[in-house]
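Labels for the chains are A, B and C, by order of writing; each one numbers its residues from 1.
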Amino acid sequence: MHPNHHRTSRAPRRHPVALAAGLLVTATALAACGPSIGGADGGTDEETSATDGRLQAPTQDSPSGEITIWDRSGDLYAVFDAVIDDFNEVYPDIVVHHEAVDIDAKLQNTLITETDVPDGVFLDDAKVAGFAPYLWDVTDVLEPYVADIAQQKVDVSSLDGGIYGVPFDLDPGLLFYNATALEAAGVDVTQIATYDDLLEAARQYQAAVPDAKPIHLEQSAFLGQLQLEMYASQLGTSLADENGELRLESDEYRQILTWLDTVQREGLGTRAEYLSPSDVGPLENGQQVFYPWAIWFSFAPEQQLTQTSGDWRAMPLPAWEEGGARSGAMGGSSFVLPKAGENADLAWLFYEFLMYDEAGYSAVWGQNDTYPNGLATSIPAYTPAADPSKPLFGPVAGLGGQDLWTTAVTAGAEIPGGAPTPDWWAGAVDYLGTDLQRMLDGELTPDQVLEQATTDIQTNLVDR
Amino acid sequence: MTALLTTSTRGRRRPHLPRAVAPYAFVLPFVAIFVAFSVYPMLFTLRLSFTDWHGSGGAQWVGLGNYTYLLGNEAFWSSLGNSAVLWLLIVPVQMVLALLVAVLLDNARTRMRGFYRIAFLVPFVTPLVAVAQIWVVVFDQDYGAVNGVLNLVGLPDVGWLTTTQWAKPTLALLFLWKTTGFIVIILLSGLQSIEPSVYEAAAIDGASRSRRLWSITVPLVRRTLMFSVVLQTLAVFQMFAEPFVVTDGGPYGSTTTAGLHLYDHITRADLGTGAANSFLLVIVVMALSLVFVRLLRSED
Amino acid sequence: MVTSTTHRQPTGAEAGRAPHLPASAPRSTGRRWSAGTLGTQAFLVVLALAFLAPVAWALVSAFKPATQIISDPLGLDVTALTTENFRRMFSDVPIGRGFLNTAVVLLAKGSLTLFCAPLAAYAFAKYRFRGRELLFGTVLITLMLPTVVLIIPLLLEMKELGWVNTYQALILPGAVDAFAIFWMRQVIAAVPDELLDAARVDGCTEFGIFWRVLLPVIRPALAGLAVLTVMNIYNDFVWPVVAASSSRMATLQVVLSTLAQNITGNRIGADYATVTGELLAAASLALVPLLIIFIALQKHFINGILAGSVKG
């Protein structure tokens, strides 16, 4: 045809991909001359943290300045936002910039770049330890209150002798149950004092309602691990001790896993992800009647379980052995104060007001525009605020008007301490969380879970 | 041609770029941005891959430590395996489907072509966070629409997102659904430059429609097809947002793709390992691309 | 005839595709595919519905009461339809600000990409110059490098430049991405050289050849690049979420991901249904401008120009 069309073809003789490969090798060799990593400021931060890393409260009479506070969007943002006015009545010269942000996505990067760092951030307890190098140690400012704070909450954000979070909520585990369905089946829940009793009650219920799978078994690897830590917290243990040593291979974990394994093997459990459609169905039709979960499950009968709303009740968790603790912590959050924030000391004043001033905590948990009945999905970690005789939130309609406050506060007081969260907790979900799900599938025994997860966590997380 | 070119002669009096200088001027704006915001961070990342930097404090030089850790790590290999399976589930299906649709849309006699072009692109432009919500609800085991339809025709429920054997096909379906529209557009742009006379001649020769597709269209868009295969190979191996929002890599890590696995290192602030992981991925993807380029070329 | 067209050996790496025959019959009569059959139409309709259904579900669900989206995802109670999700979403997140920021970034970054990428790709495809192969090899490596790994190095760079929380941080990184170069080079390489040489003989400037001859010829691919660029910029959230931590700079997708955080991290659960409703409302709203842009762009996917311009 027209051979001269190709006369001017300007193709590279070597193939570009091959060239790229060569380039990569060359660049690797040159990498040593590349940009430097870990600026001087980064290095000094770590060295000074041991001595200068402790936050001090401001000393002037009427402190002034501007603070930026990060919260995640949604109900809690609205609740905290409403308290700012009350705060400004006490501290008129502190201007609060309150922002709803995607904290998981932003915090790490903001801390690394040290630019526009917020003065205070709302953070899951499980994540506090991971950020500790960037955060103020709040041991000194917390001094006046620490004796009155639930031990579990102090331990959970402690690392190497420092405390890196101002505790917000205590999230006691409770046993939610469908009272109407259980009563109709003739099951007496007042007899449930231990997890063996719970098994027995589930068997009874299944005998009366043959297609029932009465006990919730969590199918999300993350929430399943969180719930496992609730059970462990009842026994005063957690994945690692205060020195970061793994303590998964223990009688406590073996007991918990064996119990979960029994529920699964006897066909007593509904495997579903927390409040997914597969979970809501059995909850609504009376097939799933026991839900050992954190207090925040109370939201479900209140708003999501429209058909069985009012049928549900909450009681303290069963104990692992007669007389043992009747609750453990599941989840919860704290406020952290980044060292790179300009006015962390003023942010501390904000959190001090929010958590330890009666006007503050009453506004958070009491009746407000967002929650006309009060915030019934957690209780304060500060014991003077968690007074059984002075409820902050009212009876919960979804729980048939039950006085959840008293139940939760009493249970919360039983949560043992001594359960710090290691900084690699979330990463462990890939191992422990996943192996736990394998066990519920019937593929692994409890001992195999403990052995395998311990090896994997040690190599891939602790030793990295 | 004359119509087009007479307009261009008007610019004659303006200072000319000599032909030898022109390419440098043309690449300059690109190079400035590219070097500053791609090459520089890439070199930084390369250097990072030889350190144990966790985002704070100083960095310790660990040589090839991160690379040897990954190469000896089961999770790294299974993430590559997951991506390879996804590639097999996605790319062949997508190429056939997209080519078929593109050929039909290239045909002037197909009605409502404008509507279809938009319809196939809609998933591509829908924000991923919304897609994730859609997928979780539509593929729910007990209440999802898909199982509802299966039940209607008497088939049992399938644990689309909750079982290891189905999670990958479900994720592949999401990726197919989301990106096929764009591959159609790429192939369409390739088809658009095929001369109609080629088809005309074939029609005169009496070639059947399927024969024409296979013996004329496919060879003519071979370069575009090869390009699409390489493009989707990159996309599948780098994929992280889709499994991140829909399955979070589960169940049991069966949807932890190569891209998500490296992202996990980064979210854990294990930046050195993340960097090393990404360069290992570059090598894998580069090798695969070379293979495809060779394969598609040798058919000549 | 057929064999001679399709089985010709390419003489170089770039010449894989047959060059265009300079003299061709008008396009309309060249079409001999009798594809307007019922089967074809049925296939396309079913496929298109499968592609549209999930998005339609999201759009409809945005108007359902939040709790119903979860409890009865497929049911539709027309009497219960509400704009409550939208109202709540507007009061919860700065979505107006998000639209504004996205518009600014889209305009600046989109123009940069759509101008710089074809221009540079033209140089790569049709000129010989020193460093071409080195440069293009580098482009290929960055194309193969997962972008997430560059985020922290880029952030540190933004910090050095003092650009965190600025428009330039949202606009410049990734403004001319490797893929755009790679694709455009691919497309431009297929354009016959004599078309460009003829223009040069006619006295066209080097830039004039690019602007007046080349761009019109590659219009379908340019439209494709526009779709990709607009989509990438509009829907990108990984970089904006970290580069614009202040809500003042939040783009639309940052707003969406802030909402989604409450779902993906379904920790508290206290407003799972509400947030799902708000998210679907925001996502539906976000989809509208994109659809308008694409409907406007779609006619450019068909090429009438090449055939017309080559016959002279």
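Throughout what follows, contacts are C-beta pairs under 8 Å (C-beta built on N, C-alpha and C of every residue); 3 or more make two chains touch, one makes a residue touch a chain.
Everything quoted here is computed from the prediction, not taken from an experiment.
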| Which of the two pairs, A-B or A-C, is linked by more C-beta contacts? | A-C
| Which chain maximises the distance between its CA centroid and that of chain B? | A
| Separation of chain B from chain C, taking each centre as the mean of its C-alpha atoms, in whole Å | 13
| Separation of chain A from chain C, taking each centre as the mean of its C-alpha atoms, in whole Å | 38
| query | Listing for chain B: what residues touch at least two other chains? | reply | 40, 44, 48, 55, 137, 140, 143-144, 248, 279, 282, 286, 289
| said: Where in chain C do residues touch two or more of the other chains? | reply: 5, 10, 21, 73, 127-128, 132, 138, 140-141, 144, 151-153, 156, 257, 259-260
| Which chain A residues touch at least two other chains? | 15, 17, 20, 24, 27, 35, 112, 277
| field | chain B-touching residues of chain A, taken from the complex the two chains share | value | 15, 17-18, 20-21, 24, 27-28, 30-32, 34-35, 37-38, 42-43, 45-46, 108, 111-112, 130, 133-134, 219, 221-222, 276-278, 281, 424, 426-427, 430, 434, 437-438, 460, 464
| note | Counting only contacts in the complex, chain C reaches chain A at residues 4-5, 8, 10-15, 19, 21-22, 67, 70-71, 73, 92-93, 125-128, 132-134, 136-138, 140-141, 144, 151-153, 155-156, 158-159, 162, 164-165, 192-194, 197, 241-242, 245-247, 254, 257-262, 265-275
| said: For a test of understanding, state which residues of chain B touch chain C in their complex under the given definition. | reply: 1-2, 4-5, 7-9, 11-12, 14, 16-17, 19-20, 22-24, 26-27, 29-31, 33-34, 36-42, 44-45, 48, 55, 101, 104, 107-135, 137-138, 140, 143-145, 148, 177, 181-182, 185-186, 188-189, 192-193, 195-203, 205, 207, 209, 212, 215-216, 219-224, 226-227, 231, 234, 238, 240-241, 245, 248, 259, 262-263, 266, 271, 274-275, 277-279, 281-282, 285-286, 289, 297, 300
| note | Interface with chain C, chain A side, in the complex: residues 1-2, 5-12, 14-17, 19-20, 22-24, 27, 35, 72-78, 99-106, 109-110, 112-116, 124, 223, 274-275, 277, 280, 296-297, 299-300, 303-304, 306, 331, 377
| message | Per the contact definition, I'd like the list of chain B residues that touch chain A in the complex. | response | 40, 43-44, 46-51, 53, 55-59, 69, 73, 75, 136-137, 140-144, 162, 248-253, 256, 264, 267-270, 273, 279, 282-283, 286, 289-290, 293
